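Structure incoming, see below.
Lettered A, B, C, D and E in written order, each chain numbered from 1.
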Amino acid sequence: MTAFTPTSSPDLPPVPTVEPEPAPLHAGVSDRAATQQAREQQVGQRPGTLTIREGSLVPRLFLISYSDSFFQESEYRNYDDLLAYFQANPQLKHWIDVRGYNDLGLLQRLMQDFRIHALHMEDVLGDYQRAKVDVFDDNRLFLVSRMTDFTSLLEIDDDQLSLVTGPNFVISFQDDYEDCLDSVRNRLRSGFSLIRHKSPVYLAYALTDVVLDHYYPTMAAIGDYIEVLEDRIFNGRPNRHLLSRILQIKKDIVRFRRLVYPEREKIAEILRMPDNVVSEEIKVYFKDCYDHAIQAMDLAESYRESISSLMDLFLSDQSNRMNEVMKVLTIISSIFIPLSFVVGLYGMNFQRENPDGTVNHLNMPELYEPWGYPALLGLLALIVCGQLVYFYRKGWLTNR
Amino acid sequence: MTAFTPTSSPDLPPVPTVEPEPAPLHAGVSDRAATQQAREQQVGQRPGTLTIREGSLVPRLFLISYSDSFFQESEYRNYDDLLAYFQANPQLKHWIDVRGYNDLGLLQRLMQDFRIHALHMEDVLGDYQRAKVDVFDDNRLFLVSRMTDFTSLLEIDDDQLSLVTGPNFVISFQDDYEDCLDSVRNRLRSGFSLIRHKSPVYLAYALTDVVLDHYYPTMAAIGDYIEVLEDRIFNGRPNRHLLSRILQIKKDIVRFRRLVYPEREKIAEILRMPDNVVSEEIKVYFKDCYDHAIQAMDLAESYRESISSLMDLFLSDQSNRMNEVMKVLTIISSIFIPLSFVVGLYGMNFQRENPDGTVNHLNMPELYEPWGYPALLGLLALIVCGQLVYFYRKGWLTNR
Amino acid sequence: MTAFTPTSSPDLPPVPTVEPEPAPLHAGVSDRAATQQAREQQVGQRPGTLTIREGSLVPRLFLISYSDSFFQESEYRNYDDLLAYFQANPQLKHWIDVRGYNDLGLLQRLMQDFRIHALHMEDVLGDYQRAKVDVFDDNRLFLVSRMTDFTSLLEIDDDQLSLVTGPNFVISFQDDYEDCLDSVRNRLRSGFSLIRHKSPVYLAYALTDVVLDHYYPTMAAIGDYIEVLEDRIFNGRPNRHLLSRILQIKKDIVRFRRLVYPEREKIAEILRMPDNVVSEEIKVYFKDCYDHAIQAMDLAESYRESISSLMDLFLSDQSNRMNEVMKVLTIISSIFIPLSFVVGLYGMNFQRENPDGTVNHLNMPELYEPWGYPALLGLLALIVCGQLVYFYRKGWLTNR
Amino acid sequence: MTAFTPTSSPDLPPVPTVEPEPAPLHAGVSDRAATQQAREQQVGQRPGTLTIREGSLVPRLFLISYSDSFFQESEYRNYDDLLAYFQANPQLKHWIDVRGYNDLGLLQRLMQDFRIHALHMEDVLGDYQRAKVDVFDDNRLFLVSRMTDFTSLLEIDDDQLSLVTGPNFVISFQDDYEDCLDSVRNRLRSGFSLIRHKSPVYLAYALTDVVLDHYYPTMAAIGDYIEVLEDRIFNGRPNRHLLSRILQIKKDIVRFRRLVYPEREKIAEILRMPDNVVSEEIKVYFKDCYDHAIQAMDLAESYRESISSLMDLFLSDQSNRMNEVMKVLTIISSIFIPLSFVVGLYGMNFQRENPDGTVNHLNMPELYEPWGYPALLGLLALIVCGQLVYFYRKGWLTNR
Amino acid sequence: MTAFTPTSSPDLPPVPTVEPEPAPLHAGVSDRAATQQAREQQVGQRPGTLTIREGSLVPRLFLISYSDSFFQESEYRNYDDLLAYFQANPQLKHWIDVRGYNDLGLLQRLMQDFRIHALHMEDVLGDYQRAKVDVFDDNRLFLVSRMTDFTSLLEIDDDQLSLVTGPNFVISFQDDYEDCLDSVRNRLRSGFSLIRHKSPVYLAYALTDVVLDHYYPTMAAIGDYIEVLEDRIFNGRPNRHLLSRILQIKKDIVRFRRLVYPEREKIAEILRMPDNVVSEEIKVYFKDCYDHAIQAMDLAESYRESISSLMDLFLSDQSNRMNEVMKVLTIISSIFIPLSFVVGLYGMNFQRENPDGTVNHLNMPELYEPWGYPALLGLLALIVCGQLVYFYRKGWLTNR
């Protein structure tokens, strides 16, 4: 295929630099991110309608142009300048890096100039699109990856990275100025990278791979937190707060699996593509990617098991604590209730004197014995000792 | 294929406007909608038998006729007029919109005039048909979609939309005057829509897509309710009412999955159809639909997990509350039962005087000491303090 | 293939009319029907051995002969007469309806005359055979369906219907005089039925379909009972009897799924058969059957979920009742145990008089105050009020 | 293929008749048979190494030679005699029945003479091999089946039966003198059996089938025991012993599934084999076998559900009993604790006489009323009645 | 393919012998090994980057050279010597055994000299790679196996063994001086082994097989420990320590399945490879391997069930113990609380004398009866007996 020539290039207004922050999602057991996703789905619009979501960033345009021996990197405030440079250098490979969606006109021009399908552009701008790959124009790729982050709110935050490849370029779209792609940029700058020597699909691979690599720190953060929770269970007290943390992490792991699974599917689909779309040489690298995706799934499964074990521990602890409370009650009651009976017995007022004045030797003679009180104290001590021995044998006095 | 010509067109009686309301289903844990579905299944009838269900609406007929440059929309009280217009305008594309089934003769004429298979017509009228697609007459489609709604009774209500395509028309059947298809009608009216320029299969796609789009608000409503339930659990008290709400939402999510899963299957089947039935160009749009269906499944899975976490929280809370009750009982009993024993001890009537009148110094001498009572009060205070320290250390006095 | 001519026709003895009743299975949690099935499996016999199970009915023979314009229906007490009529009318289509297996000779003659495979005949007579389809003699079908019934013992009762097709006949076997096939017979009698105009395979379809249709009333009965159980849980008291009912229904649903799943498999296999066995025209009808089977599976899944929700409700209720018991105990104990201590305190016998006759003002002076008793009663009332306020705030006094 | 001629035939030592008994496995919840299997796995040996397991029986050799019209059955104490007879009668079909493995030399000669693959011979001798089938030498089969037994220890015992087919023989290997194959021997002896007329593969089928048939009595025994457990739960008391029985049976069912599943796989693989290995005619019989295997799986699933229901009943019972204990405690405590307070109240020693000798009418005047004691008794009776009514209304006094 | 000639061979520095020990992982419920794996994943590096992990061993190089009739085994301190010998003897087969990774230069030279793909070398050095197989250079294999060990910390420890095959050599990589491959070395030394006569792929098979064989002792150790836990539950007391052990073993089994499953996949992939990569003759051996892998999976499933049964037993025990505590409390309270009431009754101070000095016969006349006290004692004894009978009948006095 010959070099690709965009069809138009009008002037663009200057780009402001205000960066609206998305409100942090409340972290809880219910999947509020999912609900938000459901709520923001546009209903009944004609397919391919482009809508800028509220809170989108003003776009910044970066262009990295490179070949085996050439490298140039710059931010353009004006789309036409970028386009002009791109058109003037068909012999170079270009990475057009669009960050921020808040300019519908710009996006429509990009769509036209680089012949991106309207449905793909809708996926770029939409709230949520699972990882996927589409082939269009016979051998161009549209790729969606999801970049994850484990936030301080114990949520998995995920942002979308969309890639469009062409004969001598890759366009990347994201609605964030900060990203996890700097390692790829550095490899390009260094000059030693294979990216410089290979086709743009290899750059798309490198970007996909780096996103996938970032799943591991996310998982490691979750794993660390699971260990924290385990320590809490072993040392502290089970309470609802702890349980809700456990369930929150469980939710995150489920969410993570929902992110990784389509990623794996995507790469498997790439591996099945014909050679004219993705060459065998590059598939070797995607195969490596595939292994990573499977291992990330494995990790998520392991964590799922860990969380389920934590739940079991938590519930067993809850039950144990009830047991402990009951044992205290039982020991105290069992010891003192009989004693109370005995002392109550000798608090009765049966009269020693019969109405006729004679002594009634049947009515509580113990009360009139000189040794009555000491003997009773001895009896009480005996009862207490007997019970203590019984409870000790049951193992209730030792710490479980 | 050439334009399609219906074969007959008798007069139809005028259409009354009474709209019987279906009795609201009782909302509960058991799936009464499923039981109703099982109960209404017609047993042993010959296939293709058409039966009007009780409570069906009197049909209203709408015709939208359009081409690239033409648009006309009208309600016909007389089927023959509609048919006449349809037959007179084979160059236009037509959307025949039938709302209400309560006229067997009309439906049979539609069946004949537009050559609809008897089994398909039975599916249209039947109580419940999963989403599905059939090809008939080589390249015509019969499509069933289910339109969902989340009612104030916390039930998912679903109505059936059946579509039949032909060379220059789409017939839609539903037993409701209100529907969720207005956005498609508006797009047609606006003139900018692709529907005006493409084949009737595209209109069928647009209708399928808008139904699928409406799954998202349903899910969002469920998601919102899950958050309400979560707040209730965290703030209020766990009771059976709350549990039955949780289980009801769980039932809804299960029901939703049963609705979406066949929808996905249906679209996957369309994507596998040969080009002469659904062209590649339109499959691109159905592919987009397919992504939406998968994401709706994903959402349902997320909510399933959330509900399961809510269940865990609920049960743990129930257990916690029992624990709290037990702790109160244990603390009160453990403090006062020993105290009662002590005071009972000094309520005994052991006699200080021996029968011979001498003083028995063994029998409860404490009672005769001037400091007896204050010392005892001190002892009691000591016991109470000891116990409070013990319980404090156990953490039973603090709020869990 | 040309018309089918049986090879022999000896006389048969007259048929008695005694109908032995199978002993009702005990309804319980364990699957006694499955155990009976395991127990009755014949071990180590050569394949194709025919054995009449104990309690089988004396066979009754019915013949329905029909064509587009002809219909005749009669019961034959003599197999030879039936065979003679059958052989004399090769231009007609015949439904030979065998009810009752208790005549090995008859069955062997049927096997020979209509060339049924010995293994199929063993399946007919065996205790239990999953729904299945086999092709033999290139284009003849052997079909097994299971007819379900929901008995008053809350059991799913299922009887086997075996069908053998031939060029101009269908033989049906069942070990019951009553069945659910009357609607098919009525359709045949009416003359309007498609069965009259189509091949015997269509009759086999109609019989299969009517059996499948009867799954719905069975499911509806189960659904109704689930609602009864739900009401019991909400209104009555949870007890073991109720739990065992829930588990029994769960067992039924599992059993139902085991019945429907092979039915679906069977029809899917028919849909994959080549045209010379089952023609495309008839497959359209089996496709409809297939939809019904899938929807029956869906229903079973819904009920499974409902039963699982009922279990959750039941267990939560059990726990709630314990909670309620504990709360009563705790409230009563917490109020009266401290009161008992206080009154015990003033039941002590500390002496106001010192041994030397002087008044000891330290020993329980309250007892000698004129306002002592009223003050104490006030104190007790205060304690009670304090506790009631505490419990009210905890929400223990209100109905949960 | 021509008749098969073994290559050598040396003399064999006489066979002793001592039969060592394998020590009975301890029956419990953990799967000790699995652990034993893991422990006995030979690690790091070269593949095809033959090792005689400890406790193996001294081999006994049986030869059944047959044709359509001929039958001869004998035990050989000398392998060479057997071989000589076998080689001298290539026109007959032979079943060489080897019982006991404790003679490595013999087994190696068998391996050589009948060209058995070393890996297959290793499978014969190994401790545990799942059911499987291998084709070797283009059209010979190596089959492994597992013969089950339900022991008095509530364990499923399984022994291995290995079969090797050849052009005119089947060799069966087992390490037991008793087996479940006698029905096949009897069918051979009777002369009516199809086995006499068909190829050795049919004999292999018959042996496989009879082993599979024996799964049913095993399942029936388990089913019977489940009913026993159910009765215990309904009549007796839940205790740990009962629970461990339930779990033991659950283990058996899981084990049974692990046995049957590969059996099904094995037969499915046979059904997929080309005609030159297993002819269509014999596949019809294996198809029947396949149905049996699936039905055995179905049975196991049913039992799994039953066991899970028993667990639910058991746990609910355990909870119910706790509830009952608590109710007794609560009723007794709630009735007597307030009464004790009241009587304690009137045991107080407030003085009627003021220090100045006047009567203090405020201090417990009730004690001085003539009707004091009867009134109090009435009050107590009233309290008791009130409580009984309360508890009766709660349903605590009736039997749940 | 002709013999393989490495391309370069510079001198290597002498090898030190310090062996750093990896810190033992803390054994617990959470999967710390998984977290460590996630943490060590290198993010954003260019694919094929080789990094030596901290704590890697200094490499030791072993060379075993063999043919049908020749065997030589030696450790080389200098890579060039090894390479020289290898290059000088193309007619021999070689096993180059690299143990320890702590020399990047050496590994890079191996990579170059034996044409190993950079991505494979990265897999060798990486922290964790699932079992896998890759074909490269048309017919060379890259194999990863995981060697397991059950440590005294109740953890499954797994080390990686990577194999690279070539026309006349196998290179094995591991980061451990000790391994489980000695049995293969011994078989090679013995001279009888098939390895000596077959291609290097057979050696790769033998190494894979011996690793797989070692899964069985690991499983047996786990099985033994499960039996220990079962005994603990039956004899000792349930406590959290025991529960955490159960969960730990569960984690190990899950981990084991994660190890074995890819192993099975790997071998299945080998079995599907074309003949020019792995010959049919060797596939027979891999088929045997495959059976072992499936049986190891079966074992893991069995243990999973056992662990789940242990959990059920544990939880039921926990509940039982609570029940026992409650019974003791209930028995003691139920007996003594009514007794206390009775004796409290007769401790009341109702006055026998009316204010006017007459005797009040209504106020507690029992106190003045000569038989009052003995009668009361009799009453108390009666109450106690009645309660004991009641509790005995309930079965609360016997040991459950």
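Definition applied: contacts are C-beta pairs under 8 Å (C-beta built on N, C-alpha and C of every residue); 3 or more make two chains touch, one makes a residue touch a chain.
Bear in mind that the values here come from a model prediction, so they are computed numbers and not experimental data.
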Next item on the list: If every step must land on a chain the current one touches, say how few steps get you from chain A to chain E.
Entry: 1
Notebook entry, point to check: Any idea if chain B and chain C meet via the same residues, over half in common, or different ones?
Noted result: different
Next item on the list: Compute the distance, rounded to whole Å, between the mean C-alpha positions of chain C and chain D.
Entry: 26
Check: Roughly how many whole angstrom separate the Cα centroids of chain A and chain D?
Finding: 43
Note to self: Residues touching two or more other chains, restricted to chain A: which are they?
What the structure shows: 319, 322, 326, 329, 333, 337, 340, 344, 347-349, 364
Next item on the list: Starting from chain D and stepping next to chain E, give every chain of the ring in the order they occur.
Entry: D, E, A, B, C
Check: Contact residues on chain B for chain C in the complex?
Finding: 28-32, 34-35, 37-39, 41-47, 117, 119, 122-123, 128-130, 132, 134, 237, 239-240, 243-244, 247, 250-251, 254-255, 258, 311, 314-315, 318-319, 321-322, 325-326, 328-329, 332-333, 336-337, 339-340, 343-344, 346-349, 359, 364, 366-368, 370-374, 376
Item checked: List of chain B residues in touch with chain A within their complex -> 180, 182-184, 187, 192-195, 206, 209-210, 213-214, 216-217, 219-220, 223-224, 226-227, 229-230, 234, 284-285, 287-288, 291-292, 294-295, 298-299, 301-303, 305-306, 309-310, 312-313, 316-317, 319-320, 322-323, 326-327, 329-330, 333-334, 337-338, 340-341, 344-345, 347-351, 354-355, 360, 362-364, 395-396, 400
